[in-house]
Amino acid sequence: MTHPLRLHPDRLFPADPDTRAVARRLHAEIKDLPIVSPHGHTDPSWFALNQNWKNPAELLITPDHYVFRMLYSQGVALEDLGVPRADGGPVETDPRAIWRRFAERYHLFRGTPSRMWHDWVYAEVFGLDVRLSAETADHYYDVIDAALKTEAFRPRALFERYGIEVIATTEGPLDDLAHHRTIRDSGWSGKVVTAYRPDPVMDPDFEGFHDNLVRFGALTGEDVGSWQGYLAAHRTRRAVFAAHGATSTDHGHPTAFTADLPQDQAAALYERVATGPVSATDAELFRGQMLTEMARMSLDDGLVMQIHPGSFRNHNGTVFTRFGRDKGADIPTRTDYVSALKPLLDAVGSEPGLTIILFTLDETAYSRELAPLAGHYPALRLGPPWWFHDSPEGMRRFREQVTETAGFYNTVGFNDDTRAFLSIPARHDVARRIDTGFLARLVVEHRIEEDEAHELARALTYDLVKAAYRL
Amino acid sequence: MTHPLRLHPDRLFPADPDTRAVARRLHAEIKDLPIVSPHGHTDPSWFALNQNWKNPAELLITPDHYVFRMLYSQGVALEDLGVPRADGGPVETDPRAIWRRFAERYHLFRGTPSRMWHDWVYAEVFGLDVRLSAETADHYYDVIDAALKTEAFRPRALFERYGIEVIATTEGPLDDLAHHRTIRDSGWSGKVVTAYRPDPVMDPDFEGFHDNLVRFGALTGEDVGSWQGYLAAHRTRRAVFAAHGATSTDHGHPTAFTADLPQDQAAALYERVATGPVSATDAELFRGQMLTEMARMSLDDGLVMQIHPGSFRNHNGTVFTRFGRDKGADIPTRTDYVSALKPLLDAVGSEPGLTIILFTLDETAYSRELAPLAGHYPALRLGPPWWFHDSPEGMRRFREQVTETAGFYNTVGFNDDTRAFLSIPARHDVARRIDTGFLARLVVEHRIEEDEAHELARALTYDLVKAAYRL
Amino acid sequence: MTHPLRLHPDRLFPADPDTRAVARRLHAEIKDLPIVSPHGHTDPSWFALNQNWKNPAELLITPDHYVFRMLYSQGVALEDLGVPRADGGPVETDPRAIWRRFAERYHLFRGTPSRMWHDWVYAEVFGLDVRLSAETADHYYDVIDAALKTEAFRPRALFERYGIEVIATTEGPLDDLAHHRTIRDSGWSGKVVTAYRPDPVMDPDFEGFHDNLVRFGALTGEDVGSWQGYLAAHRTRRAVFAAHGATSTDHGHPTAFTADLPQDQAAALYERVATGPVSATDAELFRGQMLTEMARMSLDDGLVMQIHPGSFRNHNGTVFTRFGRDKGADIPTRTDYVSALKPLLDAVGSEPGLTIILFTLDETAYSRELAPLAGHYPALRLGPPWWFHDSPEGMRRFREQVTETAGFYNTVGFNDDTRAFLSIPARHDVARRIDTGFLARLVVEHRIEEDEAHELARALTYDLVKAAYRL
């Protein structure tokens, strides 16, 4: 038995009829605003080369860690989803077989945002009108596969169809940004910018850190054997990234720890981490010191700083050994911001010309730490709910726990933060609906007036994003 | 002035009329499903001996820590509730006097689940139709006392009236399981199974730990002087428990800490804890090591593992000295799962044939740690809200904070987890109402379709319980 | 374009019409109950001297840390709001200029409680009927400034107009309480009592601690060179405070840590902290010891004890250097209660004659620690949501997370906790609306009956406050 697939126009709005009516009015005014995607992980080669994606599984399943972590949790081997093994051993190569495995377990995603994102893609992008299931798996595969072979489903065509005003990708400091140059030089009107993510040369625990430093020196022509040369190399690369459209940096540290050592101590620390085996203490201290250095550089060059702390990466030793990193086994950890950020904030937190956007995987920090910090420090803004919390309930909790202390204007609108390009509008759609639903509740509870809610809806969707990210 | 006692058919459903209508439809389909109670603390002697309970106070007040902790918090001496003193000193022995003390303070329970559980018992089981209060105390006492003397209110009769398909009790490894054998051999159709709770021989801080080890060896015929013999004794008892219907083990540790030492180090650790005074470090390390050993045994014998961490037991020194353990003075503590469980998960977490059910008293772990862990590791499932959180708001928070990351299918339905036998259907009733109310909200917000909600309602009530607990 | 300013009669009630109808009925019965304000920071000189406030900025902006922290977070210099510099350097002195800066940024407060408190003051106290904005700034200034010059807007007149039955201020142990005596001796009927906040002589990290001790000895005539003399000095001042109406003490420690050392060790500790530089460890130990000593004194003299832990004071080093303490830069921190309070609770927690009211800035403690503690210990009660959480969503979370375990009767009603005298009724209004809205939901979900909700609404608004604070 098959079921219809429907995207209800009232989806995600609060159930109460008065509130829903206000939400509908608010949403109607902002639903067609262009998408501004200031932070994400799409592949710039898509827009540079504009080639067709290969097949439904390669596009929608194998790279989506939300999807394969859930399937894995319910006993599906990663090999059976085509996830490559570290040892090059055999894995499933038939995309239709992979698709079927996903389709017959689609019920596992009930109640998750993946379900909403996927349904949006199926209905809106591919025009499917039955629900995905074991029975409809082949129909889906055939429809999607056929579409992907057409001109209209190439990356640039979808970019335009999606109404994307600008999208940021994320590159490491050693990336040559060739795809961004290709895009820029191609004459295509789509705006794709990069962002500077220096973890590979800033985190001593990053794989290949010492080799990366050597390449960093070679690429910049700076003497990275010295602290001053190392800092200069960052300044050089930041300028190159800015020239490729970057308006932001991004930092994915295990904690939010920062330090602000005297420069001679910082130089000595750098010498230790750059030359030999690095102790855990030195690694953390160096990451912390570098956040403060990055903030100081941001004061100079105007790049907005993003801090994404608190993920225990590659938690599953078995999966890490067999498949390598980034296989859906990152787990959030309890994260302190108050003590951790104090050195950085004492150094630059009171600068109104600086913007540092904080993210969290630990929702307990919203009302206790992040809203009070962002509601005081001129340099701080709060990023939207991130990763596991990029979801209807997660977004509701964010607004409920942050707004009363930090207000709306210390937040920065939505990030889709995804490599799943096809679902980008679906993700913005969820955010727009949840935010207008939240605003509608404030209106119906007479906490703000409807004219204000209209202004706020636009701010959360568009104005604050462009202002915070200087786009 | 007395007030009517009413169990409204819409109780606990969301207020919004559309949502409530969906909740009613969902609930109607599952409300009469049999009760599967896979984890709890009822006394097997009730079902073995099938004797009448003695009086209302002994049945409904003195053993209910939810009740006496609240009364104690408002200045009622535990002696006045008949709680036995450690020194054998005098306490209240008149059950009617105890009952009156409770009745005249029944307003203290407004807004608590105890109120809902008790009202259900009064209305549904005893047919009372006025609210409990000082004025109605004697009427209540008389009605309940009279009923308890009848055949229809013996344990087996209520078991059948309640529609219990199966109930699990919890026994220590030194328990002779005689009552379970009596039940099995009695020809009675009721299914009562045990569960293996080895804390008395696994937790060096448990009272009488060293004596317990001696008895453990005697009972199993294994040489518990050696690590291998000690492990063999566990295997032996697990097999005996399984033969008495057990499908699960249960572990009530102060933290979720686990370890996976090399076997020679584990053997040395065991030698230390088995023979002399045990340091706090060794005690924690041994508990942690044994969780991993238990998980490995579960891989072999198929017993489902339950971990209930995070309670600071017997927090009140004054009460502990005067009345002993388990007197309503256990307090939850902040609990880490991410680092704590890594050794165990690296050892066996990727095994799809293993089931480990995690519980928490620290709700902050739901969205930050537990849902991400259970949404990845094949061996992990999330137990329902536990103890202080086994309540309408607690259940709502659980679904709201867990579902988007772990989905519904990494959860295991409801546990009543109680020794208060009379209220077992009341507790399942609360869970069924909250779950269908939550599903109704998802339907009205167009996040799932109603046909899916019906399937989920049945899964959460029945299917997932039986599957997860292998019942 | 200007917008009307409206205080909707249904503001803050739940949107659902049935629930809202119940909330209206509950609220109608309690909205006119007198204000009992058992904990706050109004200046007793206002009521002693009864002078007109000077101007709108001095009354409503410069002293309101909620207001200036938000403006500062959005780039307004504290100097431009008239906040005095530590070095006496120039700051804005034109109150109209300050007012305009606030007015043109009033949209920043959308969704915050400050907005609701201010709107209430504007509409109810000053009769303004347009929304504050850049355009209406001067109109506001003129209306408010004119009113403030009149008899009807002096402190005592507003006290009476506001229906305040009793208000508590907070004074340090070195305060001479002259204003309280003036009020008492003036023949004015307003009841203004003090509260004993001994941090300046109890917290070795308090500015001037050693000098304060000297003054403490001089003021009391006790030999504060000895532990016994120091304790006696506290007893003396507590008696004096009680004679000035105090029924409570208040303790604002960085953590909830308590200790209960043998008296000889306590005496040795006191000798160390009283005489020389104090280590961080000794400072924390002394604060912790003194909480237990204060609790023992409360057992004797009946003063209710309030503990307000968990604020990282003066987090912003730049602001602290430039402007000094209490400039909106206090940030909450993660706070443990379970281990921290055990020494104190073992000493006196089981005393039903003692009342200790716990507050938190860490909402994660509500369901995990505070409700279980207060739902057990006879001496414990839970204070209302505090500071950043004194807000509609904060109050909802408090009731939702606390009630099921601690009930309503282990809570103590509302504290406005403010120095912003004009908004005191607005703050009580928010609490009354949120509490009746919460009760209405329980009624509509058939968890309590409406007659009980009426009784509870009155208890939360009035009865529990007076009982808990012995007023």
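Chains: A, B and C, in written order; residue numbering restarts at 1 for each.
Here is the rule we go by: contacts are C-beta pairs under 8 Å (C-beta built on N, C-alpha and C of every residue); 3 or more make two chains touch, one makes a residue touch a chain.
All values derive from a computational prediction rather than experimental measurement.
Rounded to a multiple of 5, the C-alpha superposition of chain A onto chain B involves a rotation of 120 degrees.
As for how the two copies chain B and chain C face one another, under half of their interface residue numbers coincide. If you average the Cα atoms of chain B and of chain C, the two centres end up 40 Å apart.
Multi-chain contact residues of chain B (touching two or more other chains) are listed as 14, 16, 364. By the touch rule above, chain B contacts chain A in their complex via residues 14, 16, 18-19, 336, 338-339, 342, 345-346, 349-350, 352, 364, 367-369, 371-378, 380, 400-401, 403-410, 441-442, 444-449, 451-452, 455-456.
Those residues of chain A whose C-beta lies close enough to touch chain B in the complex are 3, 6-8, 10-17, 69-70, 72-75, 107-113, 115-116, 131, 312, 315-319, 328-334, 361-364, 388-389, 391-394.
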